[in-house]
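Letters A, B, C, D, E and F mark the chains as written, and numbering starts fresh at 1 in each.
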Amino acid sequence: MSINNIPKSIQKNCQTFLACEADFTEAEIVLFGAPYDSTTSNRPGARFGSAAIRAESFGLETYSPYQDRDLTERAICDCGDLELPFGDSAQTLAAIEQHAGQILAAGKLPFMLGGEHLLTLGTVRAAAQRHPDLCLLHFDAHTDLREAYLGVSLSHASVIRRCWEILGDKRIYQFGIRSGERYEFAWAASGHTQLQKFDFTGLEQALAECADKPVYFTLDLDVLDPGVFPGTGTPEPGGVSFLQLMQAAVQVCRQANVIACDVMELAPHYDQSGISTAAACKIVREMLLAL
Amino acid sequence: MSINNIPKSIQKNCQTFLACEADFTEAEIVLFGAPYDSTTSNRPGARFGSAAIRAESFGLETYSPYQDRDLTERAICDCGDLELPFGDSAQTLAAIEQHAGQILAAGKLPFMLGGEHLLTLGTVRAAAQRHPDLCLLHFDAHTDLREAYLGVSLSHASVIRRCWEILGDKRIYQFGIRSGERYEFAWAASGHTQLQKFDFTGLEQALAECADKPVYFTLDLDVLDPGVFPGTGTPEPGGVSFLQLMQAAVQVCRQANVIACDVMELAPHYDQSGISTAAACKIVREMLLAL
Amino acid sequence: MSINNIPKSIQKNCQTFLACEADFTEAEIVLFGAPYDSTTSNRPGARFGSAAIRAESFGLETYSPYQDRDLTERAICDCGDLELPFGDSAQTLAAIEQHAGQILAAGKLPFMLGGEHLLTLGTVRAAAQRHPDLCLLHFDAHTDLREAYLGVSLSHASVIRRCWEILGDKRIYQFGIRSGERYEFAWAASGHTQLQKFDFTGLEQALAECADKPVYFTLDLDVLDPGVFPGTGTPEPGGVSFLQLMQAAVQVCRQANVIACDVMELAPHYDQSGISTAAACKIVREMLLAL
Amino acid sequence: MSINNIPKSIQKNCQTFLACEADFTEAEIVLFGAPYDSTTSNRPGARFGSAAIRAESFGLETYSPYQDRDLTERAICDCGDLELPFGDSAQTLAAIEQHAGQILAAGKLPFMLGGEHLLTLGTVRAAAQRHPDLCLLHFDAHTDLREAYLGVSLSHASVIRRCWEILGDKRIYQFGIRSGERYEFAWAASGHTQLQKFDFTGLEQALAECADKPVYFTLDLDVLDPGVFPGTGTPEPGGVSFLQLMQAAVQVCRQANVIACDVMELAPHYDQSGISTAAACKIVREMLLAL
Amino acid sequence: MSINNIPKSIQKNCQTFLACEADFTEAEIVLFGAPYDSTTSNRPGARFGSAAIRAESFGLETYSPYQDRDLTERAICDCGDLELPFGDSAQTLAAIEQHAGQILAAGKLPFMLGGEHLLTLGTVRAAAQRHPDLCLLHFDAHTDLREAYLGVSLSHASVIRRCWEILGDKRIYQFGIRSGERYEFAWAASGHTQLQKFDFTGLEQALAECADKPVYFTLDLDVLDPGVFPGTGTPEPGGVSFLQLMQAAVQVCRQANVIACDVMELAPHYDQSGISTAAACKIVREMLLAL
Amino acid sequence: MSINNIPKSIQKNCQTFLACEADFTEAEIVLFGAPYDSTTSNRPGARFGSAAIRAESFGLETYSPYQDRDLTERAICDCGDLELPFGDSAQTLAAIEQHAGQILAAGKLPFMLGGEHLLTLGTVRAAAQRHPDLCLLHFDAHTDLREAYLGVSLSHASVIRRCWEILGDKRIYQFGIRSGERYEFAWAASGHTQLQKFDFTGLEQALAECADKPVYFTLDLDVLDPGVFPGTGTPEPGGVSFLQLMQAAVQVCRQANVIACDVMELAPHYDQSGISTAAACKIVREMLLAL
């Protein structure tokens, strides 16, 4: 056998999210994984989220009967997982900010797969630097508005508060929230963010308000009911259904001017059945198709 | 270091349900765990329920956005788990009856965390002794109205029948029931209990009927759909949602004159994901806030 | 002790699905298990489905409060699991076709417990041979209409396509479908099958169209939402609820002239909690009571 | 099809331990399962032991390369599981005593599959009634010599003490013991039983002492190291290896005049991997071949 | 940012076994995964073995303190997993034979990661075609010498018998065997293979006999004791320890003229703890270092 | 009921490690838990170790037949778990150093239950400040001698290197090591530490060398074979047996002048069977009895 006709099968293994096989230069959207969960205060393991989503995506079809679109028609690059230093949140956020910044600088949409929710701060920093009028759409079970958690200001429980320090009042829209301290809800209600408890009521209105602005869309998957998404650090009973989330996420990705986004907080080890990863995969597919 | 200024951290470890740190004397409500499951006929393990609820409650916030109340504003004592003799139901029930009786005698509300459902008989005995006109509100997937199970009259499958022997006709209201033998449904329908199949229809009416009477509220968590509460001895598909249960339980605790209550049948080992324990914790929090 | 009065307990152990203890000759319905999953493309393990359903059925009551019927009033034989040669789909289908054919020849209704969905082809062959005007009612998350899967035409992903080759156009009604390739949906829409996406809309109409024809009812349990049925090879988020499925399945079994049926694709190892098996058991009970 | 030529496959399902398909009358050994664990003080679930052993035995070969014997050459009846009343130990022991007594009365060897260790008391009662000079060989991690456990004298932790009350001093040989209270070891050492800590040292000598007496052999599988047998109520690190146990058990069954025996305390739910059940199956096979 | 200086991190994700990042042309050894398990007769799931080994290898160091060698000093290519048609063993074996043949034709050593043991037949065919005097060294718990399994001749239980049909008598050396049918042991003993029961006794002698011949080394990981390797289709209690296997495997790879090899039968889903995959990863590392 | 005679059962729940119920002032040994794992590079979850050890210790007897000693004869205080800020290793180490320092200042022996291995640095700092001639005895699978891990110098993979910076050459004795980078072994061999690969060979000699010095004993439980201890972040096949570890640990605690110690790296979620926690509990019991 001559070296020139090596079959394609005899080559190094490249694993990507389902059908996201474009090269960076040709891609419109650039997926990357961010395996870090050092500030998780309850059950760690979100570090395994992005790898699980990538590995299990082969169980999905590329075609969505919901949107009648197919991933094979899109140009998406999956550039794998970053290598992040566990236990050093400042360095980790800097690495993510730089990475997302490079993607944005190339005119592409960065799509981060978490990892814990703190990491959103890195991509929001990168996005806000290029888009000073950035709005933040936030789906989550938790307020994430603490000043700090046990003295740690770079915490998953404080990430939206940190984003607010960058974006300012009336730029953050929160949906599905069903857990937090009393003072966090009060702080939001005093005009800092627009917080919708429990569900997506008011999403249409929020999208209208952001219509002419760049939007960062951050999705903490624990907004889902634990019945369909048990694999997360802090399951909160009473969440939205998969179809509710899928419709809302598709609506955001279709109607808003999303310039960056993320899907966070899958911790697959807490779900032996794999349905949490399956849900994450399908949400990512639908968002990629809708963007 | 002198003995007088030992830091608080260097002391014996006291673990309680979330923020339930009042002393017995100052408490309005007294939580206790009852680890026993010897008559469970399907999958045992409810003995681990109360300890799991206590241990995992730290993942919850003390504040409820549903009721806008906070556990830190309540005086609740958690006096831990009883030590119960596995395999001896009569002695076990006697110990529970005595324990609940002491709490009632002190003018406080006993709140039992199971353990299997048979144990409700112990607290109902104590409550009925002090409140001869006691009514029983019962949420469950199962009728629990068997005369006996394989000849055992002190059985989880017979507990409401045993309670009826104390309380008599038209004092027991059952909701959410979706499993039982034909004769149990017939027995209930003949006027012994008021049994609502499948859901909480008629709860408002039942609360009205009990308006001027003392109420014992017993909640078998398997009334929940197994999708959100797999961790129980006998999961019964087709149950109520978490939000349906939470609303109904809060309604009972707010509108009725609840003088004692229990939350039973979490068997955490059958749910590796932990969502069953999370659901139990939140139900307990909401009930404590609503009582 | 004389040999003649050996107590019933000292005999060989016979395990059947709940109360299905009739002999073959006296039975109207004949249950059998088909443990095979060699063409499963995602997570194998459906081979363990029928044995799990049988073993866990003891946790169910024989009485259904939904239909007010009791299994003890029915004559059903459970003849256990076939022994099937893993890795040889052609021989496996032949064995199932022969087995189902013998049951049909005896004037009884074969009820197969899977096993992977490919096996439906064996029973459909047997049924179509005796009922040339056979219609197929198909509940599933997946189209199962592929021409072939990686070159394998006897594949779980192609089973309804293979059935169509026997039955022809306008004889197949599909419900609950939410996953497939674009071309499969197009092929169905071109008039080959009647395919209802996502739910059971149109079931009444389909039953009316089949009113005077023999019906084969095939139920792939993955039509259920993974929240209540995680234990399957390819969980597809966004499925129907247990009550929706139960009502639809009961409606089919009561209104249609079902001459054979199956319940497929329980893979119990992927659900440590056992709720998937519990759901399968109850669906089987309700179908047996409704037939 | 005439009734006379119904194929063997279309019949009620009979599941037995691997190849133990003899009828009661022709059998030398009679297996039965005893699903009860109501006095288990740590983790319950031994009730599922016998069913798991039976179901998983199909993964074993009938031939033993250790002994060069084959189960197909033996006449063994598996009469299934008794139905025992959870929570009522006295009735349970009576049922077992009666059952084992019937087997002994028919001149056959009863072989009980547990279930918790307390149940051994039922079979020992039956055996001692017919064999007043009965000796007891006991393999276990635990002494099981407590006077009572939380006031319960019919407890798994007291079973050998209860047997001693029947058999008397110097009739009980214990091996592998590595856990107990100080007073239990002292009580044994005072001449009541012969207790070998940690391993099987002295087994040869014990067998010599019992050479001319009928022997009951009780095997609590937790004598095994938890590394190879995690699926039990109270795993005790530091146990014997599988090969050590197998050799010792075979030695007992070959050299002693075993007139009844049991294999207890498999709790399969605590071992998702199934290796505990596999170990139990193989031990049972080797004992059946050696008896 | 110009296209020319895209950082390395923004590229498609390539996942390989630990440090096996050589291109095909420069590699001495070529790893590939073969995800297929359709003939597995007990518990399927070996299809997930190769992907698990690759994904979890990052938990290992590249350096071996056992051999004082480092993987970074070796030129190894990991060309990922083949795509194999589940349910079609003939096509699957043909694909493997072709793939291994291409690697051999390029003068490199093919190292297959299973997958079920049947697949060894594909690589042995490729190897035997180029090396007519090929010897087979076989480590396994099972004989794998059946004529056929339920009529299927291409079965994991028959794979060594099929290899023998190619290689002939006295060319196959089996070690660690502790399970099989009586006739399989007899067939081996009649001179067809050299079979060592239970352990590696005689390995030195076998290596001497093969000293001047090309050797195919096939390692079924279930030769390990289930205590350290529970994650496999048919765990067989009483196996060799990890250190025993590692030493024997290193000895083979160092002393014999190994021209192809495989490591088979990891089924990771049966081991929630991950130790089976960890053991497989380390064995592969040590073999790669020793070859 | 008067307040004065409240029964002991009606009081706040205090959970301690088995029988370690002494008050701080009367205790010789002070247990505390350190739930932190933010620098874990493989699988996190050691944060749950100390709570699991405490909760599961009730399954153990207080009496050790190995040492013929009983915990009820010892004065040990368990002061529960510290509250540590996830993601901030510097603050975490400071808190531990302060806590251990207070215990040492009171003349008592601090016994830390991890948590990840990095935390040892906090207690070693406290001990070295009071004992400048401190020696470190280290049992582990891993060298833990990295200069840094991904740039993080406060890492579990660097902890012994950090301790060496405090203690200096020839003060650290490492046993059981079977994983690390090549340069770590070389660095140790150059005279910085005394490193024994794989087992406890030379322990007697090391104890002799430390005979007149204060000793800190740090035990990373992953030195155990994964077969008996799967529940840890980075399982390393080929470890020591439970009995080997228990004997070595008892030898250290009896012969050396241990002034502080720890038991680290139980990550219980990775072991559904619970045997890892059982092993940790027993090791802690034996060490407490031997100190």
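The rule we apply is simple: a residue touches a chain if its C-beta (ideal position, glycine included) is under 8 Å from a C-beta of that chain, and two chains touch if they have at least 3 such contacts.
Predicted, not measured: the structure shown is a model, and the values here were computed from it.
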{"item": "Set of chains whose contacts include both subunit E and subunit A", "value": "C, F"}
{"item": "Subunit B to subunit E, fewest steps along touching chains", "value": "2"}
{"item": "Computed distance of Cα centres, subunit B from subunit A, in Å", "value": "39"}
{"item": "For subunit C paired with subunit E, centre-to-centre distance based on mean C-alpha positions, whole Å", "value": "38"}
{"item": "Between subunit A and subunit D, centroid-to-centroid distance (C-alpha), Å", "value": "54"}
{"item": "For subunit E, residues that touch 2 or more chains besides their own", "value": "43, 225, 227-228, 270, 272-273"}
{"item": "Contact pairs between chains, per stated definition", "value": "A-B, A-C, A-E, A-F, B-C, B-D, B-F, C-D, C-E, D-E, D-F, E-F"}
{"item": "Subunit D partner contacts - residues on subunit B that touch it in the complex", "value": "37-41, 43-45, 47, 83-89, 91, 118, 149-152, 154-155, 269-270"}
{"item": "Touch list for subunit F against partner subunit B, complex", "value": "1, 3, 6-7, 9-16, 21, 23-25, 30, 32, 51, 54-55, 77-82, 99, 102-103, 105-106, 272"}
{"item": "Residue ranges of subunit F touching subunit E (in the complex, touch as defined)", "value": "42-43, 177-182, 185, 197-198, 225-228, 230-231, 234-238, 270-273"}
{"item": "Sites on subunit B touched by subunit A in the complex", "value": "59-63, 65-66, 70, 225, 227-228, 242-243, 246, 272-275, 278-279, 282"}
